[in-house]
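A, B, C and D are the chain letters, set down in written order, and residue numbers restart from 1 in every chain.
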Amino acid sequence: MGRRRNLPIVALAMAVIAVQLLTAAAGKPQYLTQLTMAGYYSLVIVGLTLLMGYTGQISLGHAGFFAIGGYTSGLLTTYNLHPLIGQIPVSILQACGLLVSGKDLYGADLLVVRPWAACVVALLVTIGIAYLVGKPVLKLKGHYLAMATLGFGTIVYKVVLGSSLVGAADGISDIPAFPLFAGLVVTGKSALRAQNYYVAWGLVLGAMALLTNLIRSRVGRALRAIHGAEDAANAMGVDTGRYKLQMFVLSAALAALGGVFLTHYNGGIGPSEASVMKSVRYVAIVAVGGMANLWGALFMGVLLNFLSLRGSFGSYDDAVFGLILLAIMLFAPDGLLRAEFARRLPGLRRGQKAAP
Amino acid sequence: MSLLVVKDLCKRFGGLQAVDNVSFAVASGSIKALIGPNGAGKTTLFNLIFGALLPDSGQVWFDGKQTDGWKPHQVAAAGMARTFQHIRLFPKMSALDNIAVGRHVHSRAGFLASMLGLPWTRREQRAVREKALEIMRFLGVEELADGEATSLAYGQQRIVELGRALACEPKLLLLDEPAAGLNMRETSEMAKLIARIRDTGVTVLLVEHDMTLVMNISDEVLVLSYGEKIADDKPLAIQKHPEVIKVYLGEDDA
Amino acid sequence: MKTPGILATLILASLLGAGATQARGPTIKIGAIFSVTGPAANLGGPEARTLEMLVQEANKRGGIGGSQIELVLKDSASSPEKAISFAKQLIEEDKVFAIIGPSTSGETLKIKGIAEEGKTMLLSCAAAEAIVNPVASYVFKVAPNDSHAARRIFEQMKKMGIAKIGLLSSNTGFGKAGKEQVEKLAPSFGIGIVANEVYEKEATDLTAVVTKLKAANVQAFINWSIEPAQAIVIKNARQVGLSVPVFQSHGFGNIQYAKAAGPAAEGVIFPASRLLVADSLPAGDKQKPVLLKYKQSYEARYHEDASTFGGHAHDALLLLGKAVEKAGGLDKEKVRAALESLQGVVGTAGIFNFSAHDHGGLDMDAFEMQTVKNGKFVVYSDAAAKQ
Amino acid sequence: MSLALLFQYLVAGITYGTIYAIVAIGFNIIYNATGIINFAQGEFVMLGGMIGVTLRALLPMPVAIAGAVIATMLVGALIEMLFIRWLRRPSVLRLIIITIGLSIAIRELALLLWGEGVRALPYFTGTAVTSLSVGDVHISPQVLWVLGISAVMVAALNFFFARTLLGRQMRACACNREAAQLCGISAKNMVTLSFVLSAGIGALAGCVISPITYVQYDSGSSLALKGFTVAILGGLGNSMAAVAAGLLLGTLESFSIWVMPAAYKDVIAISILLLILFVRPSGLFGNAEAARLKDY
């Protein structure tokens, strides 16, 4: 029984492998760079799809969560604790093996937080902030919700832009690679390009597996019910406030995960990752993917980010996303891919039926 | 033994006293009807009982627990279910999925277990589906299972909404104008259905304008006018109640 | 079962095929990453236009090293993530000979390592000293150091007997870099910063900020930014009656701001490249011909005033051309070595003298103290100021 | 802090506040007629300024400003007719996204048309350094222009909505669309009119403030954010309250520089916005029910 359920995930895994082989065969392994980056952005997008498309809660601040993740990990892995050696908190961290020492560019001693620990802290920080922000914000609806999330996103942007601790407008540079396990390292070194592609897409696969399970489950049904008629869902016993909040936090955590990994992959992060335009782009991709269509959003996310990161839109990058938003919302508010797929692949969208 | 007891409930909207010091009880296993002219405060009373609105004062006791101040989902978990005056089905979901949402309080898979797709959550999913189908069979609409709920015929939507409430396996079922918009044949079928539901042991509290339905199936009738209770008695006694005739039946000629 | 995943594969596969570029005749590919749009469009815009113009001109003259130049221009919109992606693309796929740009320090610092790993020359148009310190063998910079600009300002202040100043800067990379240098160098000139404010680059009115300076009784203030705000600042300062000498950074070297501020800009003192005052330089000035030529052709073509930022792009291409000439061919390694040893190349920003330890090449002489007189930039002289 | 300084800050605050308030009034007009928050409102301000500056090169200033206002009004009408009018029962989410898309499109178009350069109209009276001094407090005459024109605008709007047939029809539509339609009012035309009006107000604002703030292709969005904040602070739809809220926020921002770096000025404004949304979504000056009875 589990086999049919997992078919889309298996197909995605095969597609991931096929793309790598194809790029290698076509002599264009460099494409994997942008595909890797697009993969990390996809984590934001699939989370946002569940929040917006399934649960019906708009967020114009998800770039903020991405940035919080990336910046936290970036700051922790570059902030030099060496001058503080001997102080008790630093000693404790050292004793726990959470710190790692090295040399900086100028050859000076460097003592920073281990990437693993930084990653965990980044996720926890994001989850905490998402919880604190989400709790009051998700009580709002419509324009008020849009405005509040936009406000949150703007605050994150202004804070990273105004804080010299995180490099203000320059952002953080020289962020070290992130050794995962078994020799896997998240780094932008071209020699490890294919490996990093698989790390990114492994994460995406994992996220997709979890999320497709989620949308087919009791929780997924409750989320769609909240989207359709919040009061009725509440009357059927769905704790709508809690479900919305959990979904918000989950999507924020996914965004932060993408942020952490991309930051280590890129070796740096700048305020542009937190900008409101970035958040709007994520919304545009979810919309063009079909709002409540996880696969559509994933596909459009990879496609558009891939093209954008390759500079295919030139100076019209933002304009392209603006026009996409307009066109989709005017002519196909349910998304480009949705109508098509709904007809052909009822099993994908209505998980209920696909499960025997 | 009363399943629901309402004591001195009050609710004011700005200058309007929507519910004014209303007290009553619903006996376990009975059908109680709530009638009154438009704007009498019937739906407000429902919302107060269900937790969708907070009362200004007064108490609601359900199944031995004081539930005023609870959120609707807490009330639902305690064993109360409702339908809405204007049908509130979930769009873009099949009829079966709509009814399956009603099983929410009787299932427990959360975010983590669902995401991991643990085997027990799948078993639970199958059980939910079976139960939803069983309810559709009970209502005689199992052929509608895969249709998109909001594109069904109006009468069918009413049935599906009723099924969704039944899926909660409630002790008390609140029906807000279950026959509104139905034709005469559908109305009498609805009446039979409500009686059948009561016979399975579910207590029913309903708001309804159709007096034939009310008088045929109710064990007791409560009459509201301008937020105040003016009568609470057996149907036959209500029909003869002078106050009721004056404020309600008199002008409605029902 | 058909899945979108497979569909994705198919589309990507077709993209792969379409993406292949054809090789043509003897060309040399030069990559450029500029912030043509986005928060640093004021820098990237003129830089991109300059490069496009010069490449065209150079190709008409036969290109460099006997090869036609193919310019691959990328708009990073000041986003480091794009700059990173573009740098890898330019180096690994387009196999460019060298990269000119990016416009901002934040982006440059993020691709410094990539250029080094890819053994591709990077001629950054940003000013941060961290770009060339520590020296990375393939990374150069053509914009003058902020510290030099700050020193020129402080020297001037000493002459004027100023000891107590206010410092304003915008929350951009440019503002941040300048602020750091001013803060660092002030003590060594015996100058105290008594008010220090960072404002938003979108600021529309800075009355409150200048009022704070006024309250602190500063003897002069420095404003370090590239945005419209630098014109707003001086207007607001004059409006609230703050009449102390105003110093600006080289970011002020854009006549549109001086024009926008109108009479408020009169008397503002700032260090900048001689490009701005090319017409009024003495005839013997070494830079004058270069400056005039660039200025005239840019202004004729784009109908806007040439800015020092566009000049950086000019210098980058010029230096690259000289290095190719010196190396006598298009061997990347030889050209890199030649670039590193270039001496006395006259550019718009100043005279470049590179060495293995100095990939910046400019000294304090790159800056000339200037001021605004009758709506025009002129060389500042103490004598003239006293009149 | 001396008294003069205090007043100087107050003047700065009033300047910011008035600018925010005019943008907020533009939001309110469309919101009242349609229930839409027009995320492209800031772009109307930018367009007004840009067109004004462009026309100024050929025409005398008052004519140029009038031309800019009319041109932007046309743009407003065009936008409503092309992108809003024909939608059937659009969801709030859809409208939010459409207006966001519009704002990006207009901004990028402006970049294409005018480039990244910064422009400004000349000061209406005097020059950039002129200021009127009362004791040690200085104020630019342009600020008085902004104040004066805003006051006239608010008065004119009040008159329009209270006294003219068209204004009353718009209010009728805002209160009850169906009923208004039964009385023979074309609700659709009223929506178009609201876009025209609010575009015109935005454009006028853009011209009047441009000598102070300058105008650039992307100057709309940051103004819009402040405009929102003020609109919500005052209670969505209530323009008189928006003026009060604008002055309040402007003054707060102006004084905030004593406690926080100026770079965090926006953070303060937005934090106030969030706080209001959480605690009193109906705004400082409105109560929840009055907010529902949407009045201009």
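Assume a contact is a pair of C-beta atoms (placed from the backbone, for glycine too) under 8 Å apart; a residue touches a chain by one contact, two chains touch by 3 or more.
It should be emphasised that the depicted structure is a prediction, and the values quoted were computed from it without experimental measurement.
Student: If you apply the touch rule, which chains end up adjacent to both chain A and chain C?
Tutor: Both chain A and chain C are touched by D, going by the contact rule given at the top.
Student: Just to be sure I understand: the centre of a chain is the mean of its C-alpha atoms, right? Then which chain's centre is nearest the mean of all of them?
Tutor: Chain nearest the overall C-alpha centroid, as shown: A.
Student: Using C-alpha centres only, name the chain that sits farthest from chain A.
Tutor: If we average the C-alpha coordinates per chain, B ends up farthest from chain A.
Student: How many angstrom lie between the centres of chain B and chain C, each centre taken as the mean Cα position?
Tutor: The computed centroid separation for chain B versus chain C comes out at 71 Å.
Student: How many Å are there between the centre of chain A and the centre of chain D, using C-alpha atoms for each centre?
Tutor: Centres of chain A and chain D (C-alpha means) sit 35 Å apart.
Student: Please report how many Å separate the Cα centroid of chain A from that of chain B, as a whole number.
Tutor: Between these chains, centre-to-centre, one finds 42 Å.
Student: Specify, in ascending order, the residues of chain A that touch 2 or more different other chains.
Tutor: Only 158, 161-162, 318 qualify.
Student: Residues of chain D that contact two or more other chains, please.
Tutor: Within chain D, residues 261, 263, 266 contact more than one other chain.
Student: Can you list every residue of chain B that touches 2 or more other chains, as numbers and ranges?
Tutor: none
Student: Taking all chains into account, which pairs touch?
Tutor: A-B, A-C, A-D, C-D
Student: Would you tell me which residues of chain C are touching chain D in their complex?
Tutor: Answer in residue numbers: 37, 41-42, 45, 171, 197-200, 202-209, 211-212, 214-215, 228, 231-232, 235, 238-241, 256-257, 260-264, 304.
Student: With touch defined as at the start, can you tell me which chain A residues reach chain D in the complex?
Tutor: The touching residues are 52, 56, 58, 60, 136-137, 139-144, 146-148, 150-152, 154-155, 158-159, 161-162, 276-277, 280, 283-284, 287, 316, 318-319, 321-326, 329-330, 333.
Student: Which residues, counting only chain A, touch chain C once they are in their complex?
Tutor: By the definition above, chain A touches chain C via 7-8, 11-12, 14-15, 18-19, 22-23, 26, 28, 30-31, 33-34, 37, 105-106, 158, 161-162, 164, 167-171, 173-174, 188-190, 262, 266-270, 272-273, 295-296, 298-299, 302-303, 306, 308-311, 314-315, 317-318, 337, 341, 344-345, 347-348.
Student: Taking the touch rule as given, give the residues of chain D at its contact with chain A in the complex, in rising order.
Tutor: Residues 37, 83, 87, 90-94, 96-98, 100-105, 107-109, 221, 225, 228-229, 232, 236, 261, 263-264, 266-267, 270-271, 273-274, 277-278, 281.
Student: Which bits of chain C are touching chain A when the two form their complex?
Tutor: Interface residues on chain C, with respect to chain A: 1-9, 11-13, 16-17, 19-20, 36-39, 74-75, 77-82, 84-86, 88-89, 92-93, 104-107, 109-110, 112-114, 117-118, 128, 134, 171-177, 198, 200.
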